[in-house]
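Paired with subunit B in one complex and with subunit C in the other, subunit A is shared by the two complexes that follow.
Presenting the complex of A and B:
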């Protein structure tokens, strides 16, 4: 009774565990990047992203307002305000505080510290402070306060604002994002168009040398593209295309075609012959068969190749560096931009995380939007 | 005038010749069935008519037109495939209307024709469904609908019922027959099932090894087969064949004797037959009757009791299989020696080259 179809295999649990492991392996870094990209540099420096949903204890150093903001009320000079606002920090709850770096936990919240001739400083748990003195405050800077505060989780879009829209050329991911799209979309569509036609011919049209052509295409699959970089670039420069979008589209098309033709041909060969013959008897020309029957039925294959090609061109650095990016920097793609960020802002994790997440959003969207075509069996029910 | 005529048609794949010169005339409104064992070339012949296979040699005329090199879509034919070959991404209405759309009919005409075809086949309620949502019989109807909407000169059916279960097959067979009467269409139908051939056909073409063995009406083929192949192929269960020797010649009759057959006189055309010739005697199982004094001897191997009839699987002394169908229920002991009699008029003598020696 163990092998009856429809019964659960005893290995089901192994499958489930593998799935869970894979999902966790994939989710951990992705979610980590996503969460980090919404956090400030301070938050990233003090705690890991997995703690970001919980309140966290931070040590802050904030100065009170400068003496020129003092007021004279009821015979005493007073400085009042909220330290969190002054320090531009997220609201929190002060537990202990001090005025010297050696004793940052000298007082608890609500206590009043007697700072001698500097005056009396009171700090409430919510960060409100009152600094009063019989004599006038002097000097140019406010009193330093070291506090230990528990802040609630806070997220902001500041990083995205910085990375996408700042005008400094070194961190303008916005422009690189557009450039990458400009490379990827045509570099996905052009090879699919060409490959679909070629695959149909190689699968269903009789002509001499067809088998040799298929073998040739399969052979091209194993040729490393690095071999072609320099000759191709020379050719591009020679015929006047030069470095630019057209060049990189052509290069991606050429490098993507063998796989595209191979995948699509194999899929199309598997389509039922009867359907195509029936269309022929129905009076369809080869082109009509291709457009009205083959293309719709090949949609899963087209979609899966589109996903492959899009991801590869999106993440590509090598081909873009060779065929696209020139000294002007106007055509920088995101992969290149991230490398520059690593160099110039290697310590700014919030910037790097944000840039990285921007560069993976589109692949994620593409994958989730198209994944059903990878698994859908469009042919169900056509032939018995 | 013939709706479709084939003359001396041949088809070779390289050195292998699969259709070896076929001649055939199909009249308007005729239901012609190609029948034969697997690999006999019947499907190839149909596909040549459809234009899906090139014609190596010979002429194919549909109506008046020489169609050897005409595109399948322009031949005035419609074909129903064994697998139905519905377009899986289109709903039923689009499937039926695909040809019309390609031929550039305006949408309203198209709609009208689709409705009409759907009505004939009673599939109006299925027009919005995808093929994957249909049952086998419904898919079959859609496939036929796709053919009739084109109003072709000739319908081609390639084993259209072989994917259906037995009950549905009988039902669809009757519907096809009714459809043929209703449309008055010319139909060429390929099958390996000789019951389908017998019940549907006006004219049966028996093919074997790429050669036409006989063309004729079902009853003609059953009663007066040209040769031993046709005799064995048409009729169920299969005709019994016995090796016999000619012992005497009479006027329009031959007296023969075999190892398990006592001398009998069989009506036959005696031209070319001499005493001592080896011949084959064919007797249909239905014509054998249980008779303790009969001339045919055998031993019962197995008796299949079907209620209305009993099929006796026997062996003769020289191990020739012998089938007899009794139109009543009767029980027999395994291994029992039995004897059968038969009406000599219903038996056929075949010469050594396989040709039948029927009296004129």
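Presenting the complex of A and C:
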């Protein structure tokens, strides 16, 4: 803790360990989803994701090739191939196997089993098998083989390929991704500009009612946007904007402004007075002062707000549901798409996990790249 | 037109329009209406400077009034009218109908439960992490990892946690880590955590606590850094142990920040919608006000009761609103 005097090493260890525990606790849920998004539907449904990082012992039931694939070599009929390939299973190492469900460990790898008039079956550790018989193989199906195999961890990008580029409208995240981007970029840029001008007026211009306006903005900061849904939807439908991108951009702009003005004003008030007064004395107009001095100096605050607004619009569900998504579903955003998947494919974890991760990736990149500004914005933005 | 191109056009028009508006309105003000020359030069400059703030403020004020202030009034009006009767004034009929619904009381009591638990737990965890990571070398990394859920959407977080809470039939390998741990420590049957009335509320709250702890941690960590070194040193010299230093020296000095964090999370909790919508949709007694309101507005199409529910949320927020405004005014002076 406070290592100025009387440092206790046991306490330091306790601190380190508890932080590790907390971090693991906080990371585990996300890691679980990330790992799952690289596993196949079968893998997810049969074993916990935490086991996928280690070699897995699994019991497989695979059939040899059908009798019509047999060849006649040196006086015997032969079926040959690799069981892992046949069963579409991940490669592994066979330890034991059997041909009956009651004795799945009757033989070990490399042994030859005498199946009487069915023939001789040999299975190697790598899954290669050789099935030979004096008489011709008959029937329509291959011999069933039960085997216990240890497979190394296996991951693939198949889920991402399916979810991003499949054409079925129910699970295509590709389009929703573009839509989300279309919503969030204008909805981030426009409020910044409007707010910056207003914040400058509130910070550096003297006029009656200024304090009242600041109080007004602070008040609006906490107004739940739930209140705005019906009146604004009515308004949008009334003036002909309807449901669509324009509506959602306007709504996000309106809802983002209080925080934007508040953040930027707090920052601008702290800028050195001398610079602005000097510029005024030198005959710069307010517009010039704003564009050439205030905006460049306020970059950190602008960046903070831009991150907030981007994360908020990207992650938003409610505003999109109300102002954007119409019955055609062409304008659906990723959050909405995930809700749909939760409803229709609640059990398909491979699709859900992948879809969720696609929507999470962009905010996470923004987060880790610009964390400094985010923290700064949070510190300035919480009302003191 | 492809929406992405439409978006680009909007950015150009929006940004261009804004810049154009500010630029030209300033020129008109300075050159046409009140030119700073001739006999009235001085008077004109003063007048221009009286008008200019409003030029700068106009777009923002218009948007704020239309998108936030007007809806408060309009929602209040809607809550007193009935849509089926062509918006006739019905007094408090919507409210009394709402108060007679069991689902509303369920939502209200759940909301209070959320208000009690989530801000408290988030603040406590945030404080714990802030204090623990304060002096360790990899503290910044630890903080950034715990802060990370802030960037994840509540919908994404819901999916993440649904996997944690997943339950498979008895005897099968559990894929939800909570059930796996439960079975590992001797639990007999796997539990479907989200359908357990009352307790499932806490499983939903865990998601929001998970998200909000990072926020609390960032703010409180800065506050802890702001505690003057001398006070801590003096306490050490006087023989205080680390716990005494924390509770008796540091805590009193960061109390105002703790209150700020608490109220900010409280507001978030009041608005919580996505988590409940995505994970249970209010079934199994997990309804909350925001989701109840959404149900009324867009599923039952009952704008009257929906607006009444929205007003209840507003009512619960207003003490914080008043408190914030008062503080802001104090600071301005």
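Methods note: the second predicted complex is superposed on the first by the 336 of 384 C-alpha atoms of A that agree within 3 Å, B and C clash if a C-alpha of one lies under 4 Å from a C-alpha of the other, contacts with A are read in each partner's own complex, and residues count from 1 in each chain.
Convention: a residue touches a chain if its C-beta (ideal position, glycine included) is under 8 Å from a C-beta of that chain, and two chains touch if they have at least 3 such contacts.
What you are looking at is a predicted structure, and each value in this text was computed from that prediction instead of being measured.
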item	value
Comparing the two partners subunit B and subunit C, which touches a greater set of residues in subunit A	C
Partner chain(s) touched by A:356 [first = subunit B, second = subunit C, both, neither]	second
Subunit B versus subunit C as contact partner of A:293, first or second or both or neither	first
Touched partner set for A:278, first subunit B, second subunit C, both or neither	first
Contacts of A:139 with subunit B and subunit C, given as first, second, both or neither	neither
First, second, both or neither for A:253, with subunit B first and subunit C second	second
Partner chain in contact with A:186 - subunit B first, subunit C second, else both or neither	second
Contacts of A:221 with subunit B and subunit C, given as first, second, both or neither	second
Which of subunit B and subunit C A:110 touches, first, second, both or neither	neither
Intersection of the subunit A residues that touch subunit B with those that touch subunit C	378-379, 382-384
In the complex with subunit A, residue positions of subunit B that touch it	50-52, 71-74, 77-79, 81-89, 98-99, 102-103, 130-134, 136, 139, 146, 150, 163
In the complex with subunit C, residue positions of subunit A that touch it	1-6, 11, 15-16, 18-19, 22-23, 26-30, 32-33, 36, 44-50, 178-179, 181-183, 185-186, 189-190, 193-195, 197-198, 200-202, 205, 207, 210-211, 213-232, 234-235, 245-246, 249-251, 253-255, 257-258, 261, 285-287, 290, 311, 314-318, 321-322, 331, 335, 338-339, 342, 349, 352-353, 355-356, 359-360, 363-364, 366-368, 371, 374-375, 378-379, 382-384
Touching residues on subunit A, where the partner in the complex is subunit B	272, 274-275, 277-284, 288, 292-293, 296-297, 378-384
Interface residues, subunit C side, partner subunit A - complex	3-4, 6-7, 10-11, 14-15, 18-19, 22-23, 26, 30, 49-50, 52-54, 56-57, 59-61, 63-64, 66-72, 74-75, 78, 125, 128-129, 131-136, 139, 142, 144-156, 158-164, 166, 173-177, 180, 210, 213, 215, 218-219, 222, 232-233, 236-237, 242, 245-246, 256-257, 260-261, 263-264, 267, 270-271, 273-274, 277-278, 290, 293-294, 297-298, 303, 306-307, 310-311, 313-314, 317, 320-321, 324-325, 327-329, 331-332
